[in-house]
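Structures are listed in the sections that come next.
You will see two complexes here that share subunit A, one where it goes with subunit B and one where it goes with subunit C.
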Partner chain A sequence: MDKGKFKKLNKYHVIFLTNCSLGGMYNFSISHNLSTVGHNLWLIPFIYFILATILLIPMLRLCSHYPSDTLYVINEKLVGKWLGKGVNVLILLYAIFQVASETQLHVRIVQSVTLPNYTILFTTITYFLVMVCIVNGGIKSIARFSMLAFFMTVWMGYYSQWAFGDAIFTHLFPRIEQGVSHWILAMHQGSHTMLGLSLILFYYPYITDQKKAYKHTIIGVLLYILLLLLICIASVVYFSTWQLENLLYPLLNLYQAVELSNVERIENLGITLYIFLSLAKASIFLWVAKKGLDAVLSKHKNKTRHLYILSVVSAFIVAGPIPNTFQRLAYDNWVVYAGYVLFLLPIFLLMLHKIKSRKGSST
Partner chain B sequence: MLWNWFKKSINKTISQQQENQDQTSQAPERVTVESLKNKLKNIDDIEMKEISIKGEKVFLIYLSTLTKSSTLQDLVLNPLNNIGDATPKEVLKNSTDGDINDLQASLHDIMSGYSVLFFVERDALLKVNTFSVEERSITTAENETTILGPQDSFTESLMTSLSLIKRRIHSPNLKTTLIPMGTETNDTVAVVYMENIANKENVDRVLYRIKNIEYQGFVALPLLKQALEDKPFSPFPQHGFTVRTDYAVESLLDGRIIVMLNGSPEVAILPATFIEMFITTEDHYNRWTTASLIRAIRLGGFFVSILLTSTYVSVLTFHPEMLPPQLLVTLSESRAQVFFPPVLEVLVIEMVIEILREAGARMPTKIGQTIGIVGGIVIGTAAVEAGLASNVLIVLVAVTALLSFIPPNYLMSNGIRFIRYGFIIAGGSLGIYGQAIFFAWMMNHLSNLTSLGSPFMSPVIPRQWTDLLNSVLRAPVNFLVTRSGMSRAKKQLTRPLDEE
Partner chain C sequence: MKIKLVIFIMCISLLTACNIQYEQPTIENYGMVGVMGIDVSDKGKMEITLTLPQPEKDAETKTQVYTTKVNSPHEALMEGSTISEKILSTAQLRVILFSEEFAREKGVWETLENLYRDPRVGTNTYVAVVKGSMKEFLTKDYTDKPDINRYLNKLLEPTTITAFSPFTSIHQFIRQSTNRVSDPMVPYLENVSNESMKISMVALFKGEKMVGTMERDEAKIVEALRKNQKIADISYVIDENNNEERTKVIINFVRSRRKIKSNGDPNNPEIFLHVYLSGAVIDYTGELNLEIQEERQKLEEKLAEQIEGRIVSAINTFQELEIDPIGIGHYFRMKDRSKWDKNHWNDVFSRATVTTHVESRIITTGTLR
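And then the complex of A and B:
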């Protein structure tokens, strides 16, 4: 249903696609990742929001010039066919590693907390089977799943009340003990959560109301930033700076603070439900990767087998015999820097577009 | 991919068969005495009488099982006996001319209960509808009983069922399209809709699908309904069905399309939504408060039904630490004698329930009830004492079984039962994570399901916000001023908004 190249994403789809392309399983470690600025970390979501609003401008400006084309097509049009294909291959690799990164983080947390006696192989296979089902339905299927993921998980914000119950609210007072380098390092370490913003470059052609895409995307970002703010504030008031620096997954510890009369160890439920957000985010990246392989191998024609190929490749990266040092290098460095490049690429392409259009008008 | 390959291979077979048929098919055969006798041989209830009308040799052909002799006498023989100077067509008021060049059409008429007069010398045909058989009378809906509201239900006779709708809607906008169906049965399917309300695209889609079904014959509507569904592999039904006339009429007024099949008391309602599988007409007769409460229980029951026993499995197998100590002690004591792992324990008891249900359904009513009660109590008690299952599980399985029958739609109940096994196996394999991943698959599957091209999960996947007023919760009737978004009706408002 709803497959094919036509405009099919309404405003709700855009809002929740944007929302779910951000964060994902990195929410679990975000407070730790931002901990170089100590208790000031709760201010970083605001900075992220401002940066997102700025970065979206060139992205959507570029998309508005090519309303029916994904970034893969735009690359080939502006950079040239072969160079464009080269860039597309790099984006494809980036998307594959993003899928692997998100999946691995999820299955590792599940393994360490929920299923300690299991290897990650079976969980990875089941995860990818469901992901293939989601992506097979096209971008609208992913958008619907993203809406579902949001509503299945947003209520868990209620659990933060236990953190606030034991809170030291003085932690919230901004301090000036960190320098600019600390702030930049924190933002870099936490940037994984915001890298999905650039995915609008790929699903923009499917948006029905493209004129309001900026507004709807910003709403999606804002919803995520509010969630991020809640996590950060709850972490700041509940943990000491030492804890923030040394706890790998502070959100997990926030779940452990929950005390219900009829259920214990609520983090099992929390991690389990996070599969919705994780699947949604990984699915969007897998869809982008599939579009990339379509662009590279079949001249942008839709081929379902590319989805299966990419799923197998991504699953192999997660559960195959890949050295852990290589995985860490790929997930923590390559993916992040490639994400930055993807943020800046629209600016470069806009300049090329300007030059080309000037040349075209002068001739 | 597999499905595409499967469809391709089927289409290939069909096209080969059609080619063979085309090669063997000839021009329409002309009606002659010999051809009629030849085609109707070995049918012992065929009557082929030679009579004389004004000295002209005429063959009267009819099927004695579909025509009462009194009807034949009243409609054919008596008028012909008193023909006087008039022509046969003038005295037979209900007669129409038959096509002498189309033997197949004449045979179809005869087999459908027509009496055919074949004028040998003039080479002409005259047919009179003398179809007169015993029919079941209009009774209450046994499987969809309500306390409030009308009690009549559709019958196996298409014409009677159609009349039940037309008794309630006296409008020329109520359209009925009759389509022959079944290569062997030559039965009739009726597509009923309100022309001024129903979405034309939906109507065209239904007609197109029905006209393009090649099948030897559907013996009941639930079979035809499956052939009309968008996703045949789904465990969930994608169209509504009912035997209640009030529900059918309500659906028509909402812009839905009703499909009826001669010989089947059920009617299919297209398109339908997931939420509607948990709604009955009685909800509209109740006060909005009661209706909302009951609907919420039904929908909540759906989720409890699919998750309760699988949660028992996953918690006891993988996450006993999630249980409070007191509950854990109770469960441990309950399971002390049980030697099966929880997943096997649950599967065994669930299968026992299935067997009891199936046995009860296939036996005569009184024995079936006894089997249900005695089997439930005896087997349940014995299973606990024998250490096959814990008594807590017996309670959970019983609750689950009851909840699975809450949805008014029987096919949805069956779908729930099937899905539950998936959850139990997922819970037994990967614990709460397995349940979550299976739940994610199910929700994705549901969100991608369509009924006649419209999202099955409407209004959760919103088509229009006003649908929420008549979904899980039901607003007071005064607030229900728009038709459901699922219908994509031509007229959205059910009444003028400025009405006082």
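And then the complex of A and C:
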């Protein structure tokens, strides 16, 4: 772990940590996940952005009241020691399943496209070995890796020009045929990409310029939303609604459209480079899980062995003999609903803080 | 701590030896199928012919060919692998051919969907329809051509001279047949001699089945209507002076622009097609002096009339077949607020009044007047 000063994240670290905590491998399936609204799906990134700007307000308001504490400490302070620990355990489980979910998606895509003759075990072990090395360096190491991940992958947006070359632009015409329930379902199915936003609650105490944290976080979100918008627009103009509904990884097919004179099957390069984004996102969640285990077992004291324990547990969830139905239930339902709770938790904690501070001032 | 980590990694490495390992094939063990030809067979099966480049220099033929009677394309690969010394793979599949009989009777959807599902098959793989027997088509000796895999792949690559052809890939076929507006078209190939094949026409599909063909000259204009692009050279025979003598003109189109408008009323549908073409005269056998503005204008008007006639003829065919390969429905759909699906559009399109207007401009007459 980084043993330097406590506040160590500058504005660039915050921007890219936020950026990489969103999306990850779910970028590959986002157009499919949003497909219940048909070709109107390109409007959803705008809604996500508006929601993100609103949801960040209570999160950062809460953090500003406790500038040196992570959410784990805030929970114990506001909810009480034992109830707080209970909530922390739930957050810890959420973070473990998020790590497993991101890893699982990556290794599955690698297995089905790049290494179809191999099982996922070896890929999972190597993936976790790299992740442990990243997280072992602390939040600053993850932030630096996130910056690397961003610049290693953002240029691949250039390849969208092949999709636009064979585009039907009339698909973009917003023909709002679906009802509200379809829109809500689409946003729910695509919400995996935005759940990482709440991780600011954990790395906020490490930010140097906390007053500008909102601005820097929004820049990070905006960078991701622009990427998401590019993926959505390229998918809408390139695919029919049937393709969006039936293709599991539309981004993969967008890469397959690329025709270069010297390189074939560029999607393999895409998947390989996307390991940076996937590792960055999973590392942030693993770091959050480690902080959670520190909070639960060692009174917030840093213990490196917790990182190894959590890695083994997460790897076991991914590659162990866990029934597929359980995995699907955990990744597609529990993780998402827990993510929503984590978005709403700061509002509840803010109310508790208000009540407590009023009580404190009246006595 | 480091020692523990080293021991842990060593244990993991040793554990991998407990797993029963089959030898993973190397690239040399694979036979990369280049062309897959599908024809009808008895008992509801399909006859699939696979061709792959011959890796052995000493072999007599340039191509390995395997024909099997199976139920699905991947079954053909499995069967082929048991005959060949190679493990057949679809990773380099470039062309999928359907015999006309198969495309008309069975339909191509199920086969293409299975290949689309396979991530090893590139979505840019070309699809075409072939006249006659597939096996015969693929086993012919095209002696003055490269091996059939490269020959077919090159033939189906878009070039200016064959720009009348839609050059449909798997992705495009699936997109066209599954969107709620248009229908697919694919190149139609036939043998012209014992040593060559050519893209002779364009095959029209309604859903998954082939329903007709379109001649090259009409197909060129349809391509111009599908998107703004440079289209292939077109030859016209026009009646220049309203007498029996016919004049031949070949135009090299430099640019084509099209505008599609509709009233969006499904009860009384009206569609307006406006096409603007500009090009250079390559061949001209008439007597007009094309340097004089009025005479050049006269030729332009005659050309516009001819092109308009071809558009009307193509649209009539589409309306009769109730198909929309141009994708006019995209424009109609923007204004029509009623519940939309393909049947709705097929019905509306077949009843629509289509008005066309063509403007042609001769921008140069070469180095002669």
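Note that in this section the second predicted complex is superposed on the first by the 358 of 363 C-alpha atoms of A that agree within 3 Å, B and C clash if a C-alpha of one lies under 4 Å from a C-alpha of the other, contacts with A are read in each partner's own complex, and residues count from 1 in each chain.
Heads up, the rule we're going with is that contacts are C-beta pairs under 8 Å (C-beta built on N, C-alpha and C of every residue); 3 or more make two chains touch, one makes a residue touch a chain.
These figures come from a predicted structure and were not determined experimentally.
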{"item": "First, second, both or neither for A:323, with subunit B first and subunit C second", "value": "neither"}
{"item": "First, second, both or neither for A:256, with subunit B first and subunit C second", "value": "second"}
{"item": "Touching partner for A:360 - first (subunit B), second (subunit C), both, neither", "value": "neither"}
{"item": "Which superposed partner A:130 touches (first subunit B, second subunit C, both, neither)", "value": "first"}
{"item": "Which of subunit B and subunit C A:175 touches, first, second, both or neither", "value": "second"}
{"item": "If touched residues of subunit A are counted for subunit B and for subunit C, the larger one", "value": "B"}
{"item": "Which superposed partner A:265 touches (first subunit B, second subunit C, both, neither)", "value": "both"}
{"item": "Which of subunit B and subunit C A:275 touches, first, second, both or neither", "value": "first"}
{"item": "Residues of subunit A contacting subunit B in one complex and subunit C in the other", "value": "122, 264-265"}
{"item": "Residues of subunit A that touch subunit B when the two form their complex", "value": "1, 12, 110, 114-115, 118, 122-123, 126-127, 129-130, 133-134, 137, 141, 144-145, 147-148, 261-266, 268-269, 271-273, 275-276, 279, 304-305"}
{"item": "Subunit C to subunit A touching residues, read off their complex", "value": "12, 16, 24-25, 91, 119-120, 122-124, 171-172, 174-176, 178-180, 327, 330-331, 333-334, 339-340"}
{"item": "Subunit B - residues contacting subunit A, complex", "value": "1, 230, 318-319, 321-324, 327, 429-437, 440-441, 443-445, 447-448, 450, 453, 457, 461-462"}
{"item": "List of subunit A residues in touch with subunit C within their complex", "value": "112-113, 116-117, 122, 125, 166, 168, 170-171, 173, 175, 177, 238-243, 252-253, 256-257, 259, 264-265"}
